[in-house]
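Two complexes follow with chain A in common, the first pairing it with chain B and the second with chain C.
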Partner chain A sequence: MSTVATSQIKLTPERPRASVRSHLQDALPKIVLAPSFAITIVFVYGFILWTVYLSFTNSKTFPSYVITGSRAYQRLWGWTFDTDPPSSWYTSITNMGIFGFLYIAICLALGLFLAILLDQKIRGEGVLRPIYLYPMALSFIVTGVAWKWFLDPGLGLEQTLHQWGWTSFHFDWIKNKDFVIYTVVIAGVWQASGFIMAMFLAGLRGIDGEIMKAAQIDGATTFQLYRRIVIPLLRPIFLSAFIVLAHLAIKSYDLVVALTSGGPGGSAWLPSNFMYEYTFKRNEMAVGSASAVIMLMTIVAIIVPYLYSELREKPR
Partner chain B sequence: MSAVTTPARQASGGVNVKVINRIVIYGLLALFALFYLMPLFVMLVTSFKTMDEIQNGNMLALPRAPTFDPWLKAWGETCVGLTCAGIKGYFWNSIKMVVPAVLISTMLGALNGYVLTKWRFRGATLVFGLMLFACFIPFQSVLLPMATILGSLGRFGVTLQNATGTSFGLGNPTVNLVFVHVVYGIGFTTLFFRNYYEAFPTELVKAAQVDGASFFQIFRRIMLPNSMPIFVVTVIYQFTNIWNDFLFASAYAGTGDAMPMTVALNNVVNTSTGVVEYNVNMAAAMIAALPTLLVYVLAGRYFVRGLMAGAVKG
Partner chain C sequence: MLRKLLIGTALASGLAFAAHAEDVKEVQMLHWWTSGGEAAALNVLKGDLAKEGYAWKDVPVAGGGGDAAMTALKAMVAAGNYPTASQMLGYTVLDYAAAGVMGDLTETAKKEGWDKSVPAALQKFSVYDGKWVAAPVNVHSVNWLWINKAVLDKIGGTEPKTFDDFVALLDKAKAAGVIPLALGGQNWQEATMFDSVVLSTGGPEFYKKAFNDLDDASLKSDTMKKSFDNLAKLVTYVDPNFSGRDWNLATAMVIKGDALVQVMGDWAKGEFNAAKKTPGTDFLCYRFPGTDGSVIYNSDMFGMFNVPDDRKAAQVALATATLSKSFQSAFNVVKGSVPARTDVPDTDFDACGKKGIADLKAANEGGTLFGSLAQGYGAPPAVANAYKDVVSKFVHGQIKTSDEAVTELVKAIDDAK
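Let's turn to the complex of A and B:
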């Protein structure tokens, strides 16, 4: 891009120097970009600071701007499973751990597995790929509604298997407070794994065939070939897929609402649901803001190093 | 890459192993296809059944006497909260919100991408980095300040209304949502166009500059005519995201007549009064899913490219 810069330097002396018009022309690109940049600064970074500020106040139903220290954070972290009622925040965090880990791990494993299968010169790949991928076009609300119906013990899978004669089959996770978060994992994996498959497939198609042939000639088995050569070459895809999934997982909100309505006693809450409930429904604005700040910090810890490495000026 | 069969296997009576391998692979692929199709299939067949058939029949069975009534009822009669006029109004709400939001954010993204690649200035990377990071923040961290601001703007709108007779859209939930989606969408649209224009030959821009073309002339005559693919990708990406949004919609238009489709659907499904009409719920869910599914069927290739571009940066 340095080429544009040099050409501008060459052109400048030809223009009348002091004229307002030429100044305007020079500044025009920045003027065009300015509104978007200003919007980002105010509505993203400014609002983040605002939320951080609120988290240090004692805001309840309405925002209060008197700093009262880290009470909200102390409430979040000092409220444990042993207190009465047990901590919804720890429930949300635990759920986040279970959901985040399983969702990311299963999506990566399933995505890679399907991509490798699809890469075996499959007839009908053009039909299968869109079938694996279409859930990504649906909203979490629709996904939630569909799976809520499918997993309902009285109407869905359990009932169907009973009718087919397997009467001892029992599957009521969606109504069970200890297992409801796993149904969120199932629906989440259903929605995103096809997309992860597409990412891996694109990666597989980008691998140099020569490397594969050389390994085959050396007598590598299929398993060895994938284990030792293909999967290491897909490292960048693993990273991108991980970032996408981690980011989707932390932001997940709608799926829990639509699939479980929060689960029995809020047992399916993720931190995003906790934030929404406390801010807008339970009039604990400071506590809600504190939870939002913690969510943001988690994302920052994952995304910033990634963006930094992506945007760093690459040596050319 | 091809299916790899080792020399050893080929030697030891290969054909059988190979055939079995293929059967296993196709079997697994078909099984997963079922897994992905099942919920949609169930939703679709249920939406064509009568309540009687749902309660007594099998979830997976095809409707014995397909009826279109649940769809008509979902569209025109079902209750969303206390209003029983179907979801059609909310469907249009979503359209009225999506179209301007997509157009404005895409246009801004195109201009930003053009500036960031062809008119680079010191600090351009930092500006882009700051805008890019905005794509990834959990929106919970801006939700409350935005609610406060929209509330104040709404009150100001009422004052304007009283003074001048028009509120200029201030306080209108649909206008609010358009604004919110533009604000939090320009990060992605800028990313798309920036990456696309990065690969666009700078020599063309340079030549036009030498010929005396202005900033906007170059954009209109050179960049835009060559941007069709990225426009399609961006529009589809934005359309899908904004149509499917639930968080902003429920926070800023969660009640009343201005609810977008996703919020209305959630209300229909979670209404606890009276008999739950599963067939109507499923029909409503299908209607909510149709626009994005249609886009996916018609332009799946671009849809995937958008997702990829959002995931893999360069």
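Let's turn to the complex of A and C:
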């Protein structure tokens, strides 16, 4: 978006007849894009700067504009090493690590696997594809509530299996402070893996059949075919999928709330939950802002080098 | 997430701005009383105001809970567009008053005699810097036991008078195969129960020192340690699936007879009423054992904003109607709480309500009316939430011993102060 609006309006000297009208035609896309560009500048980047500013104040219930130093960051830094008993911040960031890694890794693996299976020219693909894709159409709240009931030992899976006679079955992760974050992974993976599958499937369909045939003639096994040819060719899809999943992971707030209400003793918190709690419930806006800034820095630290390394190789 | 919030806030303020031009015969009210019983209770107030010619306009809030309403309020106030009044809790009123956006109802208060009729403990939150800034609507108290009478009769129990009695009663229930204690494992419910445990273990003086004055020595005392031990004892009587359960589901367990007792504020009575249960015959309300004579309260208030002069008449009418005896009685009968003024006749209330009114009066006179720390009436939100964290981590095992809990409590409260 920024390239469109910031690049200058080029005159077209090779066509001296260029009238006002053609100027207008040139400028029209920029004029149309300008409002949304301005809105993005103010409401995204402007407020990012505002948040950074607030994190250095002593804002409590309301924003205060007097810079008072980095106490908010010092408190967060102190909490980072409060492991026993775990501070809410420590819980949030370790959960982010567990959730982020498992969510992205399992979604990618499962999505690729399903896409490869669906790509075998099987019958009924037209029916199967939307079935896998459909969960993505649900909001996190719906996913969270549905899985909350399904995983609740007194209502869902465990209760049902007990009624069917398998009374030794035991699955209470959602009530267990040490495992509750994994139930968030389960629900998240269920929702997103179908979408990732669709992305990979589109990628697979885009691969030239001639390459595959050539490899088969050369005597490559199916495993080698995928390992050496297909998966490397899907690299751009991995990039897109990774970015989609990474931002979904960082902003998952509603899933935690709907699924676990924060978990036993706050054990399912993610940094976004921490940020909301401190800013709006505890009236510690400075601490909330500082945690938001750290979230932003984390995602920048992960995404920017990755984007850089991926995009730099393009004009080879 | 942050972006969403900020944009949402901006949109909300935009909406608030659009709603600006209003006529003076109207009361703009921000509240989150939308469930059946609460909405019905509020209709009484709407009717009273309509009789005086004031129209009622709800300020719409997306989402049910108080959090969403408070976020919307923040945006409205930041945009300089004040509602006539907003439902508010405890320290929020004082925060807004300190920010200089609250109105002044002192004149009305004098005329109506609120100084004498509203308990002094409540005035701490409705009066700021000598000025009345809010009209209290009700008083909830949290140190209640809600007991299923049929289950109590079946196990041959009687009203527990001390904490040890209570534990013995829970043992009886356990032996009879019912869930002894219905608890929802969310931090505010655990902390609300702990409020009562501390009052019972340490007595009124101790509760006040520790949870209202935040006195360091009391917070790290052996009595506090004993309180955590008592809490741990109670937690052994809950069912394994308690974690994350909503409070009304826990109440439903008592109503259905799956569980014997719940420790909860008097809003639980609304659930019993909705299930057509009668106090005394179907269920019993006792004070938490060892807390008789004291009341731990929280209260809903209507914070009154500094509106332009042409809207002040409507605001005064709203405040007067809110604290009128007839509304206080009618509203609180439905809501399950007790009136915020001590001179309202208790004729329309049920047995539990009558007891609540008498207890509040006695506690007010005896100086044993204390703000609930868990409900945000003992200390500012930062401290209250730090407290809830510690209690919840103790209940769920992140904090393993009462020694550690006391250390953590002092640390968390100091850090949040």
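Rule of thumb we're sticking to: the second predicted complex is superposed on the first by the 260 of 316 C-alpha atoms of A that agree within 3 Å, B and C clash if a C-alpha of one lies under 4 Å from a C-alpha of the other, contacts with A are read in each partner's own complex, and residues count from 1 in each chain.
One rule holds in what follows: a contact is a pair of C-beta atoms (placed from the backbone, for glycine too) under 8 Å apart; a residue touches a chain by one contact, two chains touch by 3 or more.
This one's a predicted model, so the numbers in the text were calculated from it and none came from an experiment.
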Superposition on chain A - do chain B and chain C clash or fit: clash
Which superposed partner A:153 touches (first chain B, second chain C, both, neither): second
First, second, both or neither for A:253, with chain B first and chain C second: both
Partner chain in contact with A:114 - chain B first, chain C second, else both or neither: first
Partner chain(s) touched by A:283 [first = chain B, second = chain C, both, neither]: second
First, second, both or neither for A:44, with chain B first and chain C second: both
First, second, both or neither for A:265, with chain B first and chain C second: second
Chain B versus chain C, judged by how many residues of chain A each one touches: B
Contacts of A:172 with chain B and chain C, given as first, second, both or neither: second
Touched partner set for A:68, first chain B, second chain C, both or neither: neither
Chain C collision site on chain B, chosen from 19-27, 163-171, 199-207 or 217-225, when both complexes are overlaid on chain A: 163-171
Where chain A meets both chain C and chain B, residue numbers: 43-44, 47-48, 50-51, 250-251, 253, 261, 272, 275-276, 280, 292, 295-296
Footprint of chain C on chain A - complex, ascending: 43-44, 47-48, 50-51, 60-62, 75, 85-86, 88, 152-154, 172, 174-175, 177, 250-251, 253, 260-267, 272, 275-277, 280-284, 292, 295-296
Complex contacts: residues of chain A adjacent to chain B: 1, 3-5, 7-8, 11, 25, 28-30, 32-33, 35-37, 39-41, 43-48, 50-51, 54, 63, 114, 117-122, 128, 130-143, 145-150, 155-157, 159-160, 163, 190, 194-195, 198-199, 202, 204-205, 207, 209, 212, 216, 219-222, 225, 230, 240-241, 243-244, 247, 250-251, 253-254, 257-258, 261, 271-272, 275-276, 279-280, 285, 288-289, 291-293, 295-296, 299, 303-304, 307, 310-311, 313
Touch list for chain B against partner chain A, complex: 1-8, 25-26, 28-29, 32-33, 35-40, 42-43, 46, 54, 58-60, 108, 111-112, 115-121, 125, 127-134, 136-146, 148, 183-184, 186-187, 190, 202-203, 205-206, 209-210, 214-215, 240, 243-247, 251, 262, 265-266, 269-270, 278, 281-282, 285, 288-289, 292-293, 295-297, 300, 303-304, 307-308, 310-314
Residues of chain C defined as touching chain A within the complex: 1-7, 10, 67, 70-71, 74, 78, 92, 95-96, 99, 185-187, 240-241, 243-244, 380-382, 385-386, 389, 392-400, 404, 408, 415-416
